[in-house]
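Each structure below appears as structure tokens.
There are two complexes below, and they share chain A, which is joined by chain B in the first and by chain C in the second.
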Partner chain A sequence: MSSEGQIGLFEAICISSFIITTKIFYTSTSFIVKEVGTASWYTTLLSCAVSLFFFFLIYLLMKRFEGNNIVEIYELVLGKFLGKLISICFCAYGIFYAGSTLREFVEMIKAFNLPYTPPSVIMALFIGVVCLIVYFGLNGISRISVISFFPVIAGFITILVLTYPEYDADYLKPYLGYGINKTLITGVLRSSAYDEFFILTVIINSIHGLKNFKKAGVISLLIAGISFGISVACYLMVFGYKIGSENLSGMFELARVIYYNRFLQRLESIFLFTWVISSVVSVSISFYLPISIYCKAFRINRHKPLIFPFSFLLFLVAILPDNLTEVLQMNLLVIRQYSMFFIYLVPVAVLIISLITRKRGAALNAQKN
Partner chain B sequence: MLRKISLFISAVLVLNILLTGCYDSMEIDSEVYALVLGIDKGVNNKIILSIQYSTYKSSGGGSSEESGKNGEDSQSSSNKISDTNIQTIEAPSILEGIDMLGMAVSRRISLMHTKMIVFSEEIAKEGVGNYIAPIVRYRETRKTMHVAIVKGKAEEFINENKTNIGDSLAKAIELLTTQSKNTGFFPEARFTSFYRGIMSSYESAVAIHGGINNFDKLPKGNHSSTSPLIVDTGFLPDELPRKGVTKREFVGTAVFRGDKLAGALNSNETRYYLLLLGKYKRGIITIDDREKPGNEIAVDIRLGRHPMIKCRFENGNPVIDVNLKIESEIESINSRINYESIDNLDSLDSQIKDYLQSGLNKLIEKTQKELKADIFGFGHKVAGYFPTIQEWEQYNWPSHYPYAKVNLTVDVSIRRTGLLIYSSPFKAWEDKTEEKEGKK
Partner chain C sequence: MKKDSIFSRALSLITYKNAEKAKTFTIPEVEQSKNNAAGTAQYDNNGQTSKKSVHKNTRIIKKPIAPSEQKNNKSAIKADENHISNNIASNMAYLNNKFNYPDNKDFIIREFIIKGKYKAFLVYIDGMVDRMTINNFILRPLLKDENFVNENEVCELDYILANVIETNQAVKVTKPDEVIEEILIGDTGLYVDGCDYYIFSETKGYDKRNVDKPLIEGVVKGSQEAFNENLKTNTTLIRKIIKNNDLMTEFLKIGEKNNNLCAIMYVKGIVNPAIVEEVKRRISSLKTDYISGSGMLEQFIEENSWSIVPTILSTERPDRTASHILDGKVAIIAEGTPFALIVPITLFSLFHSPEDTSMRWQYGTLMRFIRIGAFFFATLLPGLYVALTNFHREMIPTDLLIAIAKAQENIPFPTILQVIFMEFAFELIREAGIRIPGIIGNTIGIIGALILGQAAVQANLVSPVLIIIIAITGLGNFAIPDFSLAFGARIIRLFFITMGCFIGFYGISLGLVVITALIANTKSFGVNMLEPLAPWIKKSQDLIIRKPVWKQERRPDYLNAVDKTMQPLISRKWTITDAQNPIQDKISSKRRDKDEQ
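Up next, the complex of A and B:
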């Protein structure tokens, strides 16, 4: 989709970082503490390392087909029908991801701030804003990401710094959590929580090619890994592994324990600011992803006509789960624990197939000849 | 163009309505904000809930009596204390109790500004686990609120919870709880740490211990010829020999084993506890002058650095080494002995050290033998020896804590001597008078 426009390296990093790290503000922190206890802070680093490994495999695929995006690569390697079919699956997953993230946000904002507002109203408003951002395309999303990046980082750091008096590093003991095996398995599976860098493979032609793709992917994964590691460690140092696994939002609860004196307390408003901005940006990016894949798969030049129908799909996916438990134990479990089998393994399989069938991109072919 | 402008204006108008949060909007004046929640054991139902909330009047603590003379809230179950109302109801749960009070109170009761939750000792002995569940989960309650266990009924405690300093009871409660930092006679027990403590496998929970002082402990009658100096006297609630305005007081620490009240530390033991925990900020202690018994020495003590706590295992038993560095400042030397001199300073250091070491050792022994509760969080250090959570939980630290060996070393350094650098004896004048009288 040539009309997608061009964005710089930093913008690509912001986009990728936002979509990966926003889940820090949701249930992700408590969930990982529940799974691996005191080992969660380095389990997430392990997940980051696994993701980096898969990123390099995907990078090899992108390098082999330099100049092509992932949708085109699927078609080149697997043929038009199968390639399109897989692209449509990714497109459907993108909608599922965006809808589930939206629903998680709505459930949390209802639990903490707007208990009596119907979820459909919050969703409709949220989707309205998301559609507006997506309307301006990749350029619009990238600018919003860059503008929001520093305030969100500042809010995030502010919370972690102000919670300092509550920290007790001894809550990180016993250091191996629920055991090495559990840590390793969860670490590998939770690499799914980092697989959103996949968006870079879709927009690779808009980020000035392979070199920027590699830099943006590695840097955003490192930013996400470090942010996750630090925030989970801080969270554990305040709540410990027992009550740390209970909270709906780890970071929100961290913000709520800040109390210095009568004048410096109730700082979760900073968190809300950070949380809402990053959620809007994150859902916008994840909503743009399926539209972009769809456009690329069916050679549609303008994405704008698709925004309205896709927004309906987004709303449908978001409204589908009956309750928060279903969101957490079905949707988010699939996204954050098992999506790696789809997001990582399909491109890796395509890479292997391309190696077996000796297929490569036009640029490499030209170089060879 | 006109179409776009009208579309934009319509969108703004619609968003104005929707984005202002109509569904969850709440006028400040349409709610009352509970400052203190009191939980007593119920008779016909599970709990008796008492709520103290502000009445939005800033007329000072004493003049609020008239505020309740009219209006629907002035019923027999409602009291007026320091610009606040107190409502009590028997209910199956805290949150339903609050809703039930909505049948009597004209405004919705909000817990967003609750400063303190008070449990009666009776409930605390049976276990507070069931009662704190809604506090943990409910979105309005803040985990920065304080937790207090009171002698007698929580309702009676709240009835005496008033201030005559300033207008705001909310401010008074916040300042009262921060008195912990100024004196160390009770801990600053916030809900987060309390809940963490009762759920923890590393440590035991503590809460503020409170009660009502009936002002009957202050000795009456003639003074004896000599007033003996008694130091290291710890008090429990309702034991403080005082008279005054407010009857409610926070004295000492309520200690939990799991979610059940195991016992209490008196005010002095609480200071030792805070010292060992590294949360002692400042406070003056009085010791009996060893060189001249009967004369007090007052010193301001504070922690020189955070306590160094290390753990090791000897023959399968945990050994905990604690090193406390304490700094002090001389506030008074009644014996007028020149402890400020470089030759005598060590002697005073040693007196303070012995005083503190003895008190600290007694406290550690009490927590091991009597309370069987690791309130110091030594378990944190021991947990480092267990690789996994399963092994740590299987070890069951609470059952081993009473048998752990705790080695305590205290280093005391007098850093400053107040505004004086030398104590001149009174003795010169007295001696000369005596000599002259002798000559006559």
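Up next, the complex of A and C:
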């Protein structure tokens, strides 16, 4: 049994879906509209399809080393030194990811809701709650993910439904956006925005192995793809590609345009609950990921002592960028556009190396013998 | 012992020490056929599994000692902690010493002589016993010579037990500590010179309150009986509802100095034996001088003392207790308080009321939604109001914003101060209402609220909108069916007011996550408080939306009960008797197949 505890399929789906999908509430929607215009709603579906392809390649790697997590696989295939080195790189990326997401959230909440509150206060409170969730381990994270899943989905659907009167399907034209080439290239690169399912490879021993890994990965990618596709399409139908590319947060702006009468209007503060809760859960998961990788790489049984030092690293990464523009142009561009070269291609390379060197897991070895 | 150096002590302050892992309890799965043997508790302590079995009845009737053995052993043994002497003087001296006689005035030893030659005594505590029973059914038969036909057997207590004593319950007691216990609980002991054991007759006769109406868990439809302070009455009230030979009642001693008793009740064959074992393990491990009743016992055996929400359900209703016992839970009743403790529970069961089952499912479900809404009002409303008026004014519809601003216009205090003032006033009224004697107490609430509220508004101390907010919050708090949870809601409310005041909706959202995370990771006797939601397990038929009673086929999944089924898939057999209807037949046969599977 894994020392992290065991979680079920639904919990695994919730964890994976949360970490992938939360970026809907951030700058991701307007960014993709800016990149590919009216083609953005199906570009994101293309990204999802590319991610599914890479997921299956990673699944093949996990199948070849059944019973091992990705950290162990790196060590088995590349040797202890190189394997650990790559694990530490993944660990560093995890911190970078969590810190950047936190900074993006803080910048946005400062811009929209708490303009007079010092960002360090917002950040410190946020990190405190994240540490509390991570303290309870994978089980605690899975529970909070499951509980938050339904209200967040409900909030998301409510916003999309209530903005229905503002929809204009003509805003989706021209259907090909800025051209098929641009769409294809961006579609492939933006598959990086779906690579967070990587967490499943780290916690594979806690989700009852390969069968649940495959199901959780595919289902969470589909949930994320569909949610992204629909939200981007709705966003486009409300704002069109021109104004749509200028907004900061797509979903927040959608919540802002809700107007039924003088009483039922401007629901962005209610949306704030959905936004904050999903962000806390998402950052908690992404913060747990590097801690878990570190523990696995250095055979540390208990993750709790690492929370405090890692929270400092998280805070450091979060305060490094000067402003939101730097976060968007540097951190988030790397995470959502180019991280695929690291997250997808390293495991694929390891798969190829294992095929060449004919290395395989103990379970498969036993089966062959 | 080697003393640590300053350096090592300083180092230990900043280095990590592996915390000792507390023993955790989980409920194991059991197979239905192995209901008695299976289900020993699983303890996870550093990955080790240990098995422990506790089986102890408080009233053990020992195998009778043969009279011949007694006669051969006539040499006098001194009465002490381990032996009952066969000498009357020694036994009396021992008991006098134990009960500090003659300083202790309510300890009575009544000496008499049977048939003019055999010395004997009765021992009891005055006030704890029923004098009529002792006089008429113990003492009088013993003093009548015609009751002793065979002279040779007169001194044999066995003979007296079988032929003379006229009480309904009488047992032989052979251990000195049991003798003390029996005397303390209000039974009367009889000793005859030459024997090395006592006979104890059930003569409890202390004053007790009658079975009354529930005071804090009243219902419109349903039973109107509540527990009282007497343990036997309480166990009988449950037995009156569950007339089942498998309903088990075990007694355990709690409190080393006050020697209180508590009863553990469960249905053998339904409950997972591991839960019973764990309850007994926790109670029997207690080492404390005094436990007054269920309130103290609850604090001693709960898993997490820091939890804001209660992890043990406390109820004064026998019908609610019986329903939980039949679900596969364990009831613990302590002598001296009119409450039963139910374990294990989930947060959702704290929102249930016995009325839910006695009403039709639509009404019951609606009531539950109202109660959950009430909980959210009780915890969040003032915090949201403070956050709205301080941070998110743009969200308030313009007309309402103008109304709030107008009401606020002449008030010199900020919203948070008004909220704190009103909260404090409200809590004062509530506390005073409980403490003030009967007749005044009933009216203090209304008068206090009216005068204080109206006067505060007229004096421009608080906004009238805030009075409405606090009133709704108070009503919400009273609508929470569990008293302890209502207390928890008050603490959570203060937390949300603070968060809302300092950092608006953002703070309240973070607070929600914190409270949820804490509750989700709290356990009640191995069951997570938010099951079956987190961890996600099988769908429940009686969680918030209550299915019709005939559709509730299964017991709660998280209990891992031995018998998981409460009723067959078709519990209403009358629905399948229409043989003339082919469609009905088809449905029925399908259901029957499913049922058989």
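Note that in this section the second predicted complex is superposed on the first by the 368 of 369 C-alpha atoms of A that agree within 3 Å, B and C clash if a C-alpha of one lies under 4 Å from a C-alpha of the other, contacts with A are read in each partner's own complex, and residues count from 1 in each chain.
Basically, a residue touches a chain if its C-beta (ideal position, glycine included) is under 8 Å from a C-beta of that chain, and two chains touch if they have at least 3 such contacts.
Keep in mind it's a predicted model, so treat the numbers as computed, not measured.
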{"item": "First, second, both or neither for A:V276, with chain B first and chain C second", "value": "second"}
{"item": "Touching partner for A:K80 - first (chain B), second (chain C), both, neither", "value": "neither"}
{"item": "First (chain B), second (chain C), both or neither touched by A:Q265", "value": "both"}
{"item": "Partner chain in contact with A:V121 - chain B first, chain C second, else both or neither", "value": "both"}
{"item": "First, second, both or neither for A:K211, with chain B first and chain C second", "value": "neither"}
{"item": "First (chain B), second (chain C), both or neither touched by A:G140", "value": "second"}
{"item": "Intersection of the chain A residues that touch chain B with those that touch chain C", "value": "113-114, 117, 121, 125, 262, 265-266"}
{"item": "Chain B residues touching chain A - in the complex, by the definition given at the top", "value": "15, 18-19, 21, 23-24, 136, 139, 142-144, 171, 174-175, 178, 190, 192, 195-196, 199-202, 377, 380-381, 383-384, 386-392"}
{"item": "Parts of chain C lying in touch with chain A, wherever the complex brings them together", "value": "16, 18, 388, 391-392, 394-395, 397-400, 503-510, 512-514, 516-518, 520-521, 528, 530, 533-537"}
{"item": "Touching residues (chain side chain A, partner chain C) in the complex", "value": "7-8, 10-11, 109, 113-114, 117, 121-122, 125-126, 129, 132-133, 136, 139-140, 142-144, 146-148, 262-263, 265-270, 272-273, 276-277, 280-281, 302, 305"}
{"item": "For the chain A and chain B complex, residues of the former touching the latter", "value": "37-38, 111-118, 121, 125, 166, 168, 170-171, 173-179, 238-243, 246, 253, 256-257, 259, 261-262, 265-266"}
